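Below are two complexes that have chain A in common, paired first with chain B and then with chain C.
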Partner chain A sequence: MDLFVAALVTGVGLGSMYGLLALGFYVTYAVSSTVNFAQGSTMMLGAVMGFTFGVTLGLPWIVAILLALVACVVWGVVVEAIGVRPFARRGSDLWLMATVALGLILENVVLFTFGKDPRGMPQSALTAEAFSVGGLRVSLLQVTIPVVGLAIAFALHVLTRHTRSGKSMLAIVQNPDAARLMGIDVRAAIVGAYAVSGLFAGIAGLLIAPLFTVSSSMGTLFGIKAFAVAILGGIGNPWGVVLAGLIYGSAESLITATFGSTYTQILTFGLVIVALALRPDGLFGRAGVKKV
Partner chain B sequence: MGIARNPRNGWRAALGVAALVVATSALAADPIKIGLVAALSGPSAQSGEAITQGLTIAIDEINAAGGLLGRPLALVKRDDESSPPKGATAARELIYDEKVAAIFGGLDTPVSLAIVPIANKEHVPYMGVWAAGTPITRNGANPNFAFRVSAVDVMVDEALLKYAQKNGAKKPGLILINNPWGESNEKGLKEEAQKLGITLAGIEKFEDRDVDIVPQLTRLKNAGADALILVANAAPGAQVMKARERMGWKVPVISHWGVSGGRFPELAGPTAGDVVFVQTYSFFGNQKPAGKKVLSELEKKYKVSGPEGVISPVGVADAYDAMHLLALAIKKAGSTKGDAVRQALHEIDEYQGLIKTYHKPFSAQNQDALGPDDYVFVRFEGNKIVPVH
Partner chain C sequence: MSERTYAARASSPPALYAAIAALTLGGGVASYFANGYQQYVIAMVAITAIVGVGLNVLLGLAGQLSLGHVGFYAIGAYACAILTTRYGWSFWIVLPLAGIAAAIAGALLAAPALRVRGPYLAMVTIAFGFVIEQSAAEMKSLTGGWNGIMNVPRPTFAGLAMDEFGIGVLALVLLAALLVLFARLRGGTWGLAMRATRDAEVASQSIGLALVTIRTVAFVISAFLAGIAGALFAILGNFVSPESFPFFQSITFLLVVLVGGAGTVLGPVAGAIVVVLLPEVLSFLAEYRLLFFGVLLLIVLWLVPEGIVGAIGRRLRAADARTPQSDENRVAAFLATDTSGSAPGSRDGLVVDGLAIAFGGTQAVNDVSLVAKPGEVTSIIGPNGAGKTTLLNLIGGFYRADRGSVVLDGVVLPKGTTYRIARAGIARTFQTTQLFARMTVLENVLIALRRGGLGGVREAVGQGADADATALGCALLAFAGYRGSIHRPAGELPHVDRRLVEIARALATRPRVLLLDEPAAGLGEGDTKRLGALLQRIAKRGVAVVIIEHDMNLVMGISDHIVALDAGRRLVAGTPADVRANDDVRAAYLGEGELAIARSAARSESSEIVLAVDGVDAGYGPLPVLSQIRLDVKRGELVALLGANGAGKSTLMRAIAGLHRPVRGRVLLLGREIALLPAHRIVRDGLTLVPEGRQVFSELSVVDNILMGALALDRRAAESEVERLIARFPILDPLRDRRAGLLSGGEQQMLAIARGLAARPKIVLLDEPSLGLAPAIVESLYRVLEQLRSEGTTILLVDQMARLALSIADRAYVIQSGRVVQQGSAEDVRNDAALEKAYLG
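So, the complex of A and B:
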């Protein structure tokens, strides 16, 4: 029982991190059917920038956080401009490789400037114990992560269903050419989506950093898991993405708790494949109808 | 037809002898080159710096006492950047071009494992002063030119379990990094546990980039672990400590020395000081004359302020003792030829060193000068490494 509760609390914490990062995939996919595959390295950028501004340079935290988020937004726009647009315009799928390459470049630039030594964020009231569940201490930050994830999913839901710009976003997904003819600025919408995707990754990075160590390679595995979560949730549904994150995180830590850590990656990724074989559009996605 | 009968031949002979004398005296002044292949840049650069300090202090002492075989010693350093191919290339260059008498190694086991076969093939003694991988010295080669003055994984495993046992642990649990280093220690710890009659509560592994290790630790806790044996570097080790803190679990943690590299206190937070780990030497506490001398040289040469200023005590102390042991062997051999020096290393009787007084430090069966009884247990107090007692 103790083991089960501990695993579930851990899983929900981890899962909401994956979900938060996976929402970045959702935003760009919804508008342009492309994603930044190196979303994990954008998350790393947020954490590294937060550490550099807040700890190394000693700026007030609110300023450090804002600057880090701005850096992630700018990076999102850069990725779209040089990694996605030139390829997508020609109808090529090479943005896949280009975004991975940009992520690797970013990781190596950080490696040389930030250093290879992993760093630790200072402890604060956010990381102190807020309450405990089944004997496991839970910090304010661990609660903040799922709350932020759900809040963003809710905001995206409201935006796309109930606002003009949200509806125009959906119009772009359905038919970019028609949308353009109707006076919707498709290019601006796509650039905006990448900026927002960078913002989400930055928020994820800043929230995760104090629970983890800050280093150039911290985002790689996270990015891959988040992508699995995005696909699992049905990439076109923000609620589904966040829920899939929670399911994935819980599965991961329950498997570790039951079978031992040796089997964690094998079984969780195996389950993702099984789930997708049974539901190709994800657990919460809807099959796209193709009219001929 | 003697040479002297022809005056011109006599001149030639005299010139020849003179030339020979000049040549030999030049040779006599030629330094004996001592090679070092270690990480001098990158995240482990501090280790290379510490080894350099230990070697330099020892070499300066030897040179001040007249050198070896009438020749001074000179240190020739090469950076391996923690990369095995770069280390192997550097070792070849030192052997073929610089004609070094011996090669000292650095922190990385994989780099050492790349250099040792070259040393064995070329019959050049290899002196390990940091990397603890068991197969570095136990490599199966005959003749074996790999010697070491440092910790050895299998012996560390024995020391960790003995320490746990001595401090009342009946059922320690293992929490190991999932890589070849963790695996080699898993093997060593299992074997030692069996020898010591210790039942392990369980063996759990975690990844280098795992964020939350609560599930693994909970398994060990539920299995009744009353101590944790940790094998991991600073960053993943810190994640273990954070998980332990969240669980409110006050279990003692006994660790291999991986946590001493990097910024463990910053990464692990308030419970960093709960980890007890092994070192081969500590400059804290009462120092014997050798310790006082090395500390004062460190202060003079490298502006080190007291024991807390020593960046990596292990690197300095191991390198210092290893250099003196090698010098004793070269003196005994009366030559810098690899085979003779190797033989002489086996014949060293006693040396009053920094870490301890060595009695027969090396033999054909055991080319590791330090054993489990030579390890000291330490912990972090703030950013300082202090002995546990």
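So, the complex of A and C:
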């Protein structure tokens, strides 16, 4: 039973991070039907920047975090400008490959500057075991992570369903020209979405860094799983995305606890295929209006 | 040049075969003189190109993106390694088996993969790739786990063990054969079918193509080739392990196709050369290789998006302007051919009995029955939201009826399977034309001629389009009235031609019933008359023609039988005279016939100019569309902008509103220069455009759509605007929370206009507001416009229905070929001969 709860706690924490990263996919997709496919590398950038500013340069943590997030936001804007806009503008789907190329470039640049060896973040008050959950000791960080994830999902949900500016964001992807005629600055909205997406990735990276080691390759698999989560959540639904993240993370964790880590990836990815076969619009998605 | 030779050359020109031979020879020769390592690289180029050819079928032809092809590659490699090392089988037997193993996996993956679209498909394929890689790592007893399988034996050929050179030659020869097969496939029926499903899914089914089968075949072919390549890889390196098959390799394969040019024959070769050779060439950069790779890829994607071969091909392709030859007899014989599938001796035509369907609580079609006899034109009329298009969709199989039946010549049609119904002899056209945009006009018709029967393997890689089919296709195009080039990409056609080609395509399936959904929408008077004549000619050939239309002149002029619908039910059915005299129909739909709008007295001349357009030129690239346009709109005026289709009216509206940039000349809104401003800024200055074609936000509700129009107002003001507008357009009241995409065409049009008015603009531009609206609705719409005008709203109106527009306008401009040819008071313009000429010319 203890094992089960421990696995669940880990799973929820990991899952909310998948969910947070996946919300980055959601935000850009909801506005422009494009994503930064290499979102994982942006997350890595956040972690690496956080480590560099906070540990290597020894800046105060608040400053380090802020600078790391700024770096991620800037990178998000850069990705949109050179990796997405040139292709989306001509109606091409090549932004998918272009963002992959950018992710590759970022990873390698970090590899040469940061070095090959993974670094561990120092322990701090955040990571010390402070609480008791179901008989298990958890740290403040492990509690913070899901809270942050859910809070952001909630904010997005309220924004897009209940405020006019939120709805106008959704309107953009449905009909960009009509949106322009409503006075919506479509270009600014898309750039903004990518900036926000970068911000989410940065936050995820900073929250994860103390739990794992920081290295240039930490983002790839994470990003792919986050993409799976976004898809499963029905990429048009922020709650669905976060929920899917929690489910995915918990599933991963529980499978590892039960069967050992060898079959985790096979089973989780296998389940993704099955889930999409049964529910082609994602677990929580809704089929778009189809008219002929 | 004879038809046959032309057809053959078009799909596989001799130059292409020469190029393939040259590349193969070149690769072989280079390998002969190279050292061992270089021979290895050359072999890898060929092997990677083979995967590329397969992926080219899936992505380049069928348009399906796979990010998990490394999985098939791995299956082939492991199958080869396991069967040769553990069971000692000969490589020559194992090679095809490796392909088959991968192909089986491809067929299995296709089942879930084809249920999903876009990024969902990407995810399924990614997951597949990971599952295979991880399975290879975990199934230690079978695959050796992370240690892999070593000492995969090299096969022998003529007694000698093959070395890198031998394997390279083998790979090159296979590659050459596959390139030839790909060229034949692309130009043949299966290639056309795949491209059709890529360009327009629904339309491809409406001509009888079995979507799932075609895509599964594409998947299986691409998996098979990846498997073969994997086996070659296994014997080349003598070693397979999971490390050779990471996720990144799938990206590499994709890049091979994209960099080379998706859909081109030689693309995968160029792509493989770039992707495999370049890192070798750059090996001096050692660790920075990947970085350079990424940068290079980005540059290629930016500068040559259609791929290297695609870019070259575009430059070399000569423009071919052959127009179709007319051959009425051939068409007549073709359409009259008796097809199997009808009950013997029965030519009852289309008998619809008690069809019904409900969507989310609304009964869209309620117990509708009708009969459409062969040789007759049957028209379905009714107000917007009456269920006309839904009825057509039910007959065509796009929707599955809850109740009722559709019987064609005595045979009951299956429910809800579009392609089977198409094959049974029902063809259709769509409200917005659904041509296969990236295929030529001729290809659009050619694939329809097959009526879904694509033939077997021999046909798939046989000769390209045969001369007979080409001649028949041309005859059909000519019959439909198409006078343009048959080799023009369908996506580039102007509006009228799109409709004609779509009709020709529908006829190519040799239908017994032809369903047309608002075929005259967007056509001027002259074109509409020609369309009417065409439809009658088609009916004379024995086809049962069923059309939905709002143009009453057309309907009354050509119909033998009319069915009137309202609110999902049938009101009346009978001859045009019967229906015209029917009171219910009159009330619900026809209106008074003559627009009985009391035009308010001419208002005192206001001299303030709200909008001034001065010397405006605009075009699309080098193509000029507008020339030195001068017009102005004074406060409180309603100015009409008239002209035939293609005259440039919509372009002018978009140019004024800021959607079309750049424009030369000046556009002044209340004295402010707006010609350089983007659309979203112009709106804030008080100019709203209600664009052509009902551009609503389909996923937002009706109320939210209107709120979008009022973003500039604060929340309370916006909400009261919503109420005001719903009061002005009461048809929207019961639809408040409905998703706008589910509304009928006319309802959407009303919504678009309401949305445009929400911001209380200083001037409203309306582009074709009456398009697709029933006559009674048009009347009420114009009543609203007249009301707005009398309240002092400034309006610039574009409408096909010139007389209607003139009846409420103060002044009018007539545009022809991008120039203003006439202007003056509405009275003057109405009486002027130039107007007739501009429309009917």
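Everything below uses one rule, namely that the second predicted complex is superposed on the first by the 288 of 292 C-alpha atoms of A that agree within 3 Å, B and C clash if a C-alpha of one lies under 4 Å from a C-alpha of the other, contacts with A are read in each partner's own complex, and residues count from 1 in each chain.
Just so we're on the same page, a residue touches a chain if its C-beta (ideal position, glycine included) is under 8 Å from a C-beta of that chain, and two chains touch if they have at least 3 such contacts.
Computed from a prediction, not measured in an experiment: that's the story for all the values here.
Colleague: Based on the superposed arrangement, let me know which partner A:184 touches: chain B (first), chain C (second), both, or neither?
Modeller: Only chain C is touched by A:184; chain B is not.
Colleague: If we overlay the two complexes on their shared chain A, which of chain B and chain C does A:117 touch? Say first, second, both or neither.
Modeller: A:117 sits against chain B, while chain C stays out of touch.
Colleague: In the superposed arrangement, which partner chain does A:208 touch: chain B (first), chain C (second), both, or neither?
Modeller: A:208 contacts chain B only, not chain C.
Colleague: In the superposed arrangement, which partner chain does A:262 touch: chain B (first), chain C (second), both, or neither?
Modeller: Both partners.
Colleague: Between chain B and chain C, point out the one touching more chain A residues.
Modeller: Looking at chain A, the partner in contact with more of its residues is C.
Colleague: On chain A, which stretch or stretches are contacted by chain B in one complex as well as by chain C in the other?
Modeller: Chain A residues touching both partners: 220, 262, 265.
Colleague: Flag every residue of chain C that touches chain A in the complex, lowest number first.
Modeller: Touch residues, chain C against chain A: 65, 109, 111-112, 115-117, 119-120, 122-124, 126-128, 130-131, 134-135, 138, 202, 247, 251, 254-255, 258, 287-288, 290-291, 293-295, 297-298, 301-302, 305, 389, 393, 398, 430-431, 657-659, 678-680, 683-684, 688-689, 691, 695-700, 704, 707-709, 711-712, 715, 718, 739, 741-742, 755-756, 759.
Colleague: So in the complex, which bits of chain A are touching chain B?
Modeller: 2-3, 6-7, 9-10, 13-14, 17, 115-120, 123, 132, 135-139, 208, 211-213, 215, 217-218, 220-222, 253-254, 256-257, 260-262, 265
Colleague: List the residues on chain A that touch chain C in their complex, please.
Modeller: 29, 35, 82-83, 86-87, 90, 92-94, 96-98, 100-102, 104-105, 108-109, 112, 164-165, 167-168, 170-171, 174-175, 177-186, 220, 224, 227-228, 231, 235, 262-263, 265-266, 269-270, 272-274, 276-277, 280-282, 288-289, 291-292
Colleague: If you look only at chain B, which of its residues touch chain A in the complex?
Modeller: 42-43, 178, 204-207, 209, 211-212, 214-216, 218-219, 222, 234-235, 238-239, 242, 245-248, 262-263, 266-270
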